[in-house]
């Protein structure tokens, strides 16, 4: 009997331990762990796609005594996305880290991966706390890997804020256990009734998670932490770690709190989302460094995700599916696109020795594949067709207007325009041939003279990821909606 | 409420409300104090508060075996908190904040 | 052969696939790149020929891709889309030849031709779009594909022009998206339907429908360069000549105008649009644009700038045709979609030839250019006369039908607009023609790149304007022939009005 | 300004506190009853250990414990990734050395006892591991730069041991058809003891290792530092 759910968590753990114990072989062990973990996650995805929701009672005790792992369409889709993105990041990381940091990167990376898979598959509220902490600790450690004081400071702050969030979440879990006598998500959902307990637990758990999901105005820790981390880590933080916290909010909303809270909470989330879209996009537009721009863009993209809550709260059952599909599509597209953008930024940084947007011209023109990847990522971030984001925004706009909540539309439109502004600020570098940058041949010459050579594989990875975000998720997203069909085990 | 529960309830309330107070003091300290080390201590105070609440929930009187589940949660929570504290202290040390 | 339900997709793919392949090519693979370019263009032309035949016979062609529940990417061919597809396909072939000649020695050719092909793919896609969602998708894709072309030269001017272009078009795109999503929320999937898919909604949601119309119009008006949304067009003139040709005649401006036609006829329907009072607003906007563009063109010394303002003016004839109720005006507007394209591309090719051969960029430098480059100047003359509306060039036919239609609908003031505009057109084109033919050439040209030989300039630069000038003449002379643009426009009008 | 802000924070927290207290009052006086207590206690005999808390930690919720060991590992790796270990302290004086010589073996001994007793009374891997860690800290304070830990290659095995044994045991059980982390009753006691032993060693090694605040140096070139404990 193969328990794919458990394997998706156990394999990266084993890989991490292997990389700890044999530091000389860390990359090989790490890559093997990455491939095996991804296979397990894909198996979970395939099984769910074939029509069964998966649930595994670890230890055989069953809820409420034991802990279960579970996968339905929502978690399976995010699991598959996270694992594919993580696999891409792993391949890229082979080339990225030097001999000094390899032995540190790989085990922490696999632990982070285990935490992600554990989080997407968790069916127990306290277990979620443990996965959250594993995620937060490994993420902060990875983010500080360069050892530069700014990086260490930003990630220490990230760690502390994350702890504040998880402590708040944990108090919510404690009260929920006290009130309902269970920690299992499904059982708790069945037992929870509207009332002060439900609202308090909601405020504590979701409030803690919003801090981790970096929803405006709780986003302040994100840009420095994500911008200072090594590129593969930034990619994972922005594309996956923040997404995991959002997933949890959505999961709790759909399974637990949606039925016991009124529209006010959802409206608040939507309003904060709008703030995030506008403020994040604006700051991204003003950013002078590419990685900071990408980090602020994450703040904005998280905002879009939260705009779906007020619509979900009001939607009749028939439209819920559509909205869930759209928010899922948005999360997936952003996962691929943002990871691709950060990885591209890492290559430019290696080639140019910096990531100042204004001076990136020569390196961006010397690496056309990277320029293309940034362009495709930009298409997805702005929400231009064909990309998953475009479809998601279409659903968002038409549902907002259709349900009479038209006031969400201007924020979306404004965010889109600001996003185009910041994306094309970067892309203009790919065309510029001003006196400052010299001619194309100078640019190439400069690159050839530079000691850093950028491998073809490292260039191919972000291109592939952004292509998935644009072409696959933009044109072939229908199966996502099939995944979300109700499928009881 | 059965008469026998009153003393249990009082003990539970002392621990539980005490836990809440600790939790709030922790948040207050986290928000108000700039130094990262103090924020870290504040977080540990918050954690202690949550653990107190769990202990209060587990208590069922002196004659009855307490609920083992919250106790296990507290143990797990402590190890997690220690781990996070260790990492945070080291990061702070590298920043030069550790010598205060 | 290709099954009917794949033909529209195949037509898009014949430029998309070569475009993507070209990106991957080495800068120096001239032969392979040229082969790919031309093979794609010719294949597309062949497929379009087959499509025309099929549509004429009344067969339906529809490619459909499900994006999400209730959201379909639909490509299908009705008479209107066939008209636009044919125009873009023919002009793309010609422009490709021209661009190969024009750019053969400049850097970044793979990038240029890659985006060039993407640009045509997007245009053809929006021409074949079967619903508003598909239209929006290709409309935005067109913006993306043209940005690199406008920025191509990489000079500060080019970057600035591209930025202005992008600011306008993406803002327009956002409005279009909002309007389209709103309409989707109100009426469900917006399929383009002859006679108007909203026709049944009269009397309900009138205010919302009016607001949506103006959102859509603002979005489309940016690309169609309706005043006051035209600001990007003169700035985008910094692009290389083949790009200008593409922007003005084949793709961008045309996409906006085509979209307006689609929205008026196939989304709202003339009846609903009129009863909501939308058409008179459109008519006024179009007329203002026609006059304003012509006036601004008068004072431009830069040849391409003058042509750009001329485009601002001329494209609005199409919108004007759509704003007048009645089949005759419809014919005039729709046929002008084709005629303006052929004539304006001729003019831009010629402008490019002057610049590329002699370094002549300004009207004031054009003295005697007709003697040095007679064939080019002849083609230019045909285009210019057509723009003014002199028979028998194609432009006359459009204006004739527009005038008749306006008279028929009782909108006599439109005649005044047409006459004024024609006089202004003459005012900015005749001085050019006079200088070119009747003034003495200077002792030396500003920057003579191509020495006079057997041909006045390089062959790939010379043939395209000659061919398109001949097409413009033919479209006027043989307007009554079967499968002429006019005949086809009549077919469209008959189907729209259910005659 | 700051005062106003602080006042606002205090007021807001006071409000939140009142709400939380009200909810807690409602819960404790409400009908939630025994929660999972009776259910858990009733099934303790099926877990292979008789201490209820250990039953929960190592059997009912063993998966939590596995991940918790992973958290500890992540913290250790995070600490190591920040740089080399800080220099050790000068060798301690007579008194402290004597104390250390007495207390450290006692700590190790008590750790063993804690580990064993955890099966049926309060105790277990975490308490035992904490004692081992304390022994390490004490050694470090008294001038052992390595805190009594083995050389780095073995230390790496040590900190990973808990997760390794736990995960392998779970996977072997899965492969045998019992299910991930499902301990058959007959061998549950021994399996749990093995896992707990590995966990104890890992926890002890990790706690002592993080106290070095960095990746340990090879034993030969570990410098000593002037002065006592960091002041």
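So that you can tell them apart, the chains are marked A, B, C and D in the order they are listed, and the count of residues begins at 1 in each.
Keep in mind that, in the parts below, a residue touches a chain if its C-beta (ideal position, glycine included) is under 8 Å from a C-beta of that chain, and two chains touch if they have at least 3 such contacts.
In this text, all values refer to a predicted model and were calculated from it rather than measured experimentally.
Located most centrally within the structure is A, per distance between chain CA means and the overall CA mean.
Comparing chain pairs A-D and A-C by the number of C-beta pairs in contact, the larger count belongs to A-D. If you average the CA atoms of chain A and of chain B, the two centres end up 30 Å from each other. Centre-to-centre spacing of chain B and chain C amounts to 70 Å, using the average Cα coordinate of each chain. A separation of 42 Å divides the Cα centre of chain A from that of chain C.
In chain B, 23, 27, 53, 57, 69, 76, 80, 83-84, 87, 91, 94 are the positions where the chain touches two or more neighbouring chains simultaneously.
Within chain D, residues 20, 24, 27-28, 34-36, 40, 60-61, 64, 68, 71, 74-75, 78, 82-83 each touch two or more of the remaining chains. Pairs of chains meeting the touch criterion are A-B, A-C, A-D, B-D.
The residues of chain A lying in touch with chain C in their complex are 321-322, 325-326, 329, 368, 372, 379, 382, 384-386, 390-391, 393-395, 397-399, 401-402, 409, 413, 416-417, 420-421, 424, 427-428, 430-434, 440, 474-475, 477-478, 480-481.
On the side of chain A, the complex with chain D involves touching residues 1-3, 6-7, 9-10, 13-14, 16-17, 20-21, 23, 56-61, 64-67, 101, 104, 107-108, 111-112, 114-115, 118, 126-127, 130-131, 133-134, 137-138, 140-141, 144-145, 147, 152, 175, 177-182, 196-197, 200. On the side of chain C, the complex with chain A involves touching residues 23, 65-71, 73, 107-108, 111, 133, 136-138, 140-141, 143-144, 147-148, 151-156, 158-159, 162-163, 166-167, 170-171, 173-175, 177-178, 181-182, 184-186.
On the chain A side of its complex with chain B, the touching residues are 126, 129-130, 133, 136-137, 140-141, 144, 147, 149, 152-153, 155-157, 159-160, 163-164, 167, 170-171, 174-175, 177-178, 183. Across the complex, chain A is touched by residues 19-20, 22-24, 26-28, 30, 32-36, 39-40, 43, 59-64, 66-68, 70-71, 73-75, 77-78, 80-83, 156-157, 159-160, 163-164, 167-168, 170-171, 174, 177-183 of chain D.
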